[in-house]
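Down below are the structures I want you to see.
Each of the next two complexes has subunit A plus one more chain, namely subunit B in the first and subunit C in the second.
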Partner chain A sequence: MDAYLIAIAIITAIYVLMALGLNLQYGLTGLVNFGVVGFFCVGAYTTAILSQKGVPQYITFPLAALLAMAFAWPLGLVSIRLREDYFAIVSLGFSEVVRLVATSEGWLTQGVQGIPGIPKMFGTFSGTTQALAVLGLLVVFNLVAIAAMLRIVRSPFGRMIEAIRDNEEAVKALGKDPAGFKIQVLVLGSALTGLAGAAYAHYIGFISPEQFIPLITFQIWMAIIMGGVGRISGALVGAIILMVFLEGSRFLRDVMPFISEVAMASVRLGVVGLALVLFTMYRPQGLMGDFTRK
Partner chain B sequence: MNITRRQTLAGLASTMLLPALSGTAFAQAANFRIGALNPITGSGAAYGSGMQKMILAAAEVVNAAGGAAGKKLEVFAEDDQSQPQAAVLAAKKLIDVNKVQSILGTWASGVSLAVAPLTNDANIMLMNTSGAPALSVPPANAKGLLFRFQATNDRFGRAFAEVAKKEGFKRPVTMAFNNASGIGNADGFKKAWEAQGGKVYESIVYEPNQPSYRAELQKALAAKPDVIVMGSYLADTTIILREWFQTGETTKFIMPAWAGNPDLVKALGPEVSEGIIAVDSISNEGSEAFKAYDAAYQKAMGQSGLNNVYAAMTWDMVIVLALAMEAAGPNADVPAIAKKMFEVAGPGGKPVATFAEGKEALKSGKIDYQGASSVLDFDKFGDVTPDFSVSVAEKGKIERKYVVKLSA
Partner chain C sequence: MSLAIQGLTKAYGGLHVVSDVRFEVPKGALVGVIGPNGAGKSTLFSLITGFLAADAGDVAFEGRSLGRASPMERARSGMVRTFQVPREFSHLTVRENLMAAAPGQAGERLIDAFFRFGTVKAQEKEIAAKVEETIAFLRLAKVADVPAGRLSGGQKKLVELGRALMTGARMILLDEPFAGVNPVLIEELSVRIRELNERGIGFLIIEHDLPALNKLVSTLHVMDRGELIASGTPAEVLANPRVRDAYLGGAAA
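Let's look at the complex of A and B:
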């Protein structure tokens, strides 16, 4: 049981990292980024490819984050001046382009065959010790990200991006240029997503393009919507709720064996969907949402 | 609700009685636990529930025959969603919470590759129906605990090459659907064909879900092939063949049977489909084992067992596992059972088709289980080499012409 709980905790921590990135982009700045999985994919492939060449992980992890940032930069330049709904479409397209490149450029990514045998994190340990070490590292990543996020919120930069979210026209009227801030936010958030991708690749040990479908993006969106948009605790709580829904339903079957696995698979998605609808109807600000704001 | 003291007492008493009532709590220690990890949703959804139901049905058959090595089989079913991440969590749950001693029925290669390190760490078996060559060798198969009930993509490719040679083709071209299986088939063909001294004149890979494949087809036909070898699926093959017919070329086609099946012939009509060659690993159709499987499949799914070759494979997984347990004896650990897997399915023993028959025959000597999915002789990589059937479409019907045997 322990190892399974640790496994869930690790995946949750990876999701939290992505949710924090998206929270910075959408929750604080109002950037509708539908391309989360694209940066996740870039991070995963960066570290996977480099690890195959024998590059140690303390180098590949930062590089994964850096490369995800490098991909975010031009995307920001091209599309950040678009209205927000157009940015959503462009970012969704971006993530699909990343996936198709990973599919087609076999010389680099081994195409649809995927990259197997990606080395584990903390490979010198084994069993529970190794799993706990991975979890510990991810918790550290998350704590650093949360600390940074809290600082950002309280800084002039934080007040500026929140102003952009609340009323971009007013910000412009005050003589500030929102575009530059938006690009910075996009790049920063993508670093977290890239890092999450790297951790994912080393944890699962096998990546292929079919794992990086837009569903991941929308799971992260579900997490922050349920948790509370714009709240750092919301990203955390939302990711945990999502995981409880997705994994908890496995145990529902042990209690209710008359539901077949086939039906359960549909019930699982249905329950998440229902939860989303109920949240938007009765608690649009999310579980950790702030009542004092709109 | 007010709870009286009497109710409390009654409640407490019944709680204490519960374990005594449910015999399973004690019997569980003697059970052999199996994890059924199948693609119930996602890209393998068409096969997954049939696969899972056949694991359950075969376990029932084994238990009805008194269990294997004195143990009953107990199945824990999970959905791998055809996705590695979901599969990893499901496998962790099966291993850590349900304490299963084997995981059966992973389908997508990505899923099998992601789950293999976990089963290796736990020293348990993983039986899969995936095609990827990487599953034969370390790191995936580091401990010899992986068993593959499906022909590898390589073997499909070799079968294609045999057929092309036999039919006397000289200028082959390949067209492959861009996924691991499609490309695996095309590459396997190329490797085998070039090993025979032949040359492949063009290799085309196409993206799925297009309304038209005319551009790719033109490129293939530009190489003036006499045969196009396809690594494809039903939907795309239908479109490609329609467009090919419109060009008026006389090229022939060799394709896997999951593309070249009666549905394709029906969709295209007799004129277009005439002469299509479809190659398939043979479910061991005439066999007694297949009849037993087919009856179970009819009962569970209401259709013929021929519709789901993977379900025949999962059926065999349970039976072979149970026979290996029986052969290894009641105190054997999983690696010892894995060693027996090669023996009970391998050649040289008395041929058997059901668990009950095998259990009986094991008392007097060696057995050779002839499965529903193939004759199941595992090579040293835990892979099977089934025979391949070659069917040709003629006058709107697709019928088996001959059988190709590969040397292992």
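Let's look at the complex of A and C:
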């Protein structure tokens, strides 16, 4: 049971990193990024491929984040000046392109078979010690990310991205270019997502294209919506709620043994969907959202 | 000459929204543009400030042709607009709205926000002092810490004016500043505009509310169906039969 809880905590911590990135992009800046999983995938494959070649993790992790940024930057350059709903579609398309490239470019990614045997983090340890070390590292990542987010929110940069979220035309009328800010935000958020991808790859030990479907993107969206869009604490709490629903619904089988294993997978998604509906109906500002703000 | 509008033209398909409009706004002047609904006033504003691309014509500000300059470049050159429907930063407080408008902030660069904390803090202090002055001038002190989205229509217009002032604009274009504003605040707003004008800031004002504008401006331009049909002092313009016909729909004839 302990091992199970630590495992869930690790996955949650990985989701929190992505939720923090998306919260920066959408919650604070209003950038509708439907391609979160694409950057996650880039991070995961970067570290997996390099690790196969014997590159140590302290190099592959930063490279995973850097490569995710390197993908985000040109994507932002070409598409961020589009209307926001167009950017949403472009980003979704981007994540699907990444997944299809991972599927088809077998020479690089081993195609549908995926990349097995990705070395574990803290491989010199074993059992609970190793799991706790991984969790500890992820908590450190998250703390650094949260500290950075707080710094951003309290800076003039943070003020400006919130202004962009509230009214982009007015920002232009003041002589400031929203596109530059949005690209920086896209790139920075993608770095966190890429890092999350690297941690995921090393933790699970095996990646294949089918793990990087748009469902992951929408799970992160659910997390920040349930937690409270635009709140840093919301990203944290939202990822935890998401995991409680995803994992908690696993135990539904104990009370509903008549449902098959396969059907259960759908029921679990249904539970999360129902939670999302209830949240948007009764607590649209999210759990950590401010009651006083409109 | 501060602002020269040189034959601006914009058509959507066969519909001429703005046709060959030309007039000048002298330095430090208070000039109004009136016209019935759909006369093309707001479109003219968008053409002047670069939010729409003109089919023909140009705008020169302080002797420099703006050509195809972006809205941002135009604003940075010292000519800032407000909007007919206020575009406040609704989740930011009034104070934050004004802070955000200050130009050239080091802290708006991520690197500086993280690593040049001292510089950023010192600059924030400077900007904050200027914001306090502006808030006092616009009598917004009571709502300074209220999210701008919760203000009344008139207060939002004051916030927009405040933001324009924070940019250091030498020419401010107000799009229907009195629309949806209560009479007391209209008077208040007029007084503020006059005071700012005395300090040397030029104004070009689109307005529907004639009485309020007449008292304020020295020169009035009248648009109807995309064309400039009359120009002059408010008294001259209002005596013009063509204006009475267009504006009052012939009712006064």
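One rule holds for everything that comes next: the second predicted complex is superposed on the first by the 281 of 294 C-alpha atoms of A that agree within 3 Å, B and C clash if a C-alpha of one lies under 4 Å from a C-alpha of the other, contacts with A are read in each partner's own complex, and residues count from 1 in each chain.
The rule is short, and it goes like this: a residue touches a chain if its C-beta (ideal position, glycine included) is under 8 Å from a C-beta of that chain, and two chains touch if they have at least 3 such contacts.
These figures come from a predicted structure and were not determined experimentally.
Engineer: Taking the superposition as given, does A:Pro56 touch the first partner, subunit B, the second, subunit C, both, or neither?
Structural biologist: A:Pro56 sits against neither subunit B nor subunit C.
Engineer: According to the stated criteria, A:Gln184 is in contact with first (subunit B), second (subunit C), both, or neither; which is it?
Structural biologist: So A:Gln184 only meets subunit C here.
Engineer: Between subunit B and subunit C, whom does A:Leu174 touch in the aligned arrangement: first, second, both, or neither?
Structural biologist: In the superposed model, A:Leu174 contacts subunit C only, not subunit B.
Engineer: Would you check which partner chain A:Pro74 touches, where first means subunit B only, second means subunit C only, and both and neither mean what they say?
Structural biologist: In the superposition, A:Pro74 contacts neither subunit B nor subunit C.
Engineer: A:Arg250 contacts which: subunit B (first), subunit C (second), both, neither?
Structural biologist: The answer is first: A:Arg250 touches subunit B but not subunit C.
Engineer: Quick one: classify A:Ile11 as touching subunit B (first), subunit C (second), both or neither.
Structural biologist: Touch status of A:Ile11: first partner only.
Engineer: If we overlay the two complexes on their shared chain A, which of subunit B and subunit C does A:Gly136 touch? Say first, second, both or neither.
Structural biologist: A:Gly136 sits against neither subunit B nor subunit C.
Engineer: Considering only touches as defined above, state whether A:Phe157 meets subunit B (first), subunit C (second), both or neither.
Structural biologist: Second partner only.
Engineer: Would you mind listing the overlap between the subunit B footprint and the subunit C footprint on subunit A?
Structural biologist: The answer is that subunit A has no such residue.
Engineer: Which subunit C residues qualify as touching subunit A in the complex?
Structural biologist: Subunit C reaches subunit A through residues 49, 51, 70-76, 80-83, 87-92, 96-97, 99-101, 103, 105-110, 113-114, 120, 124, 147, 149-150, 160, 163-164, 167.
Engineer: Which residues of subunit B touch subunit A in their complex?
Structural biologist: Residues 38, 40-41, 43, 48-49, 52, 77-79, 81, 83-85, 88-90, 92-93, 95-97, 109-110, 113-114, 117, 121, 132, 134, 139-140, 178-180, 183-184, 207.
Engineer: Any idea which subunit A residues touch subunit B in the complex?
Structural biologist: So the residues of subunit A in touch with subunit B come to 1-4, 7-8, 11, 100, 103-104, 111-114, 116-117, 126-127, 200, 204-208, 210-211, 247, 250, 253, 260-262, 264-266.
Engineer: Please name which positions on subunit A make contact with subunit C in the complex.
Structural biologist: Per the stated touch rule, the residues are 148, 151-152, 155-160, 162-163, 165-167, 169-177, 181, 184, 188, 230, 293-294.
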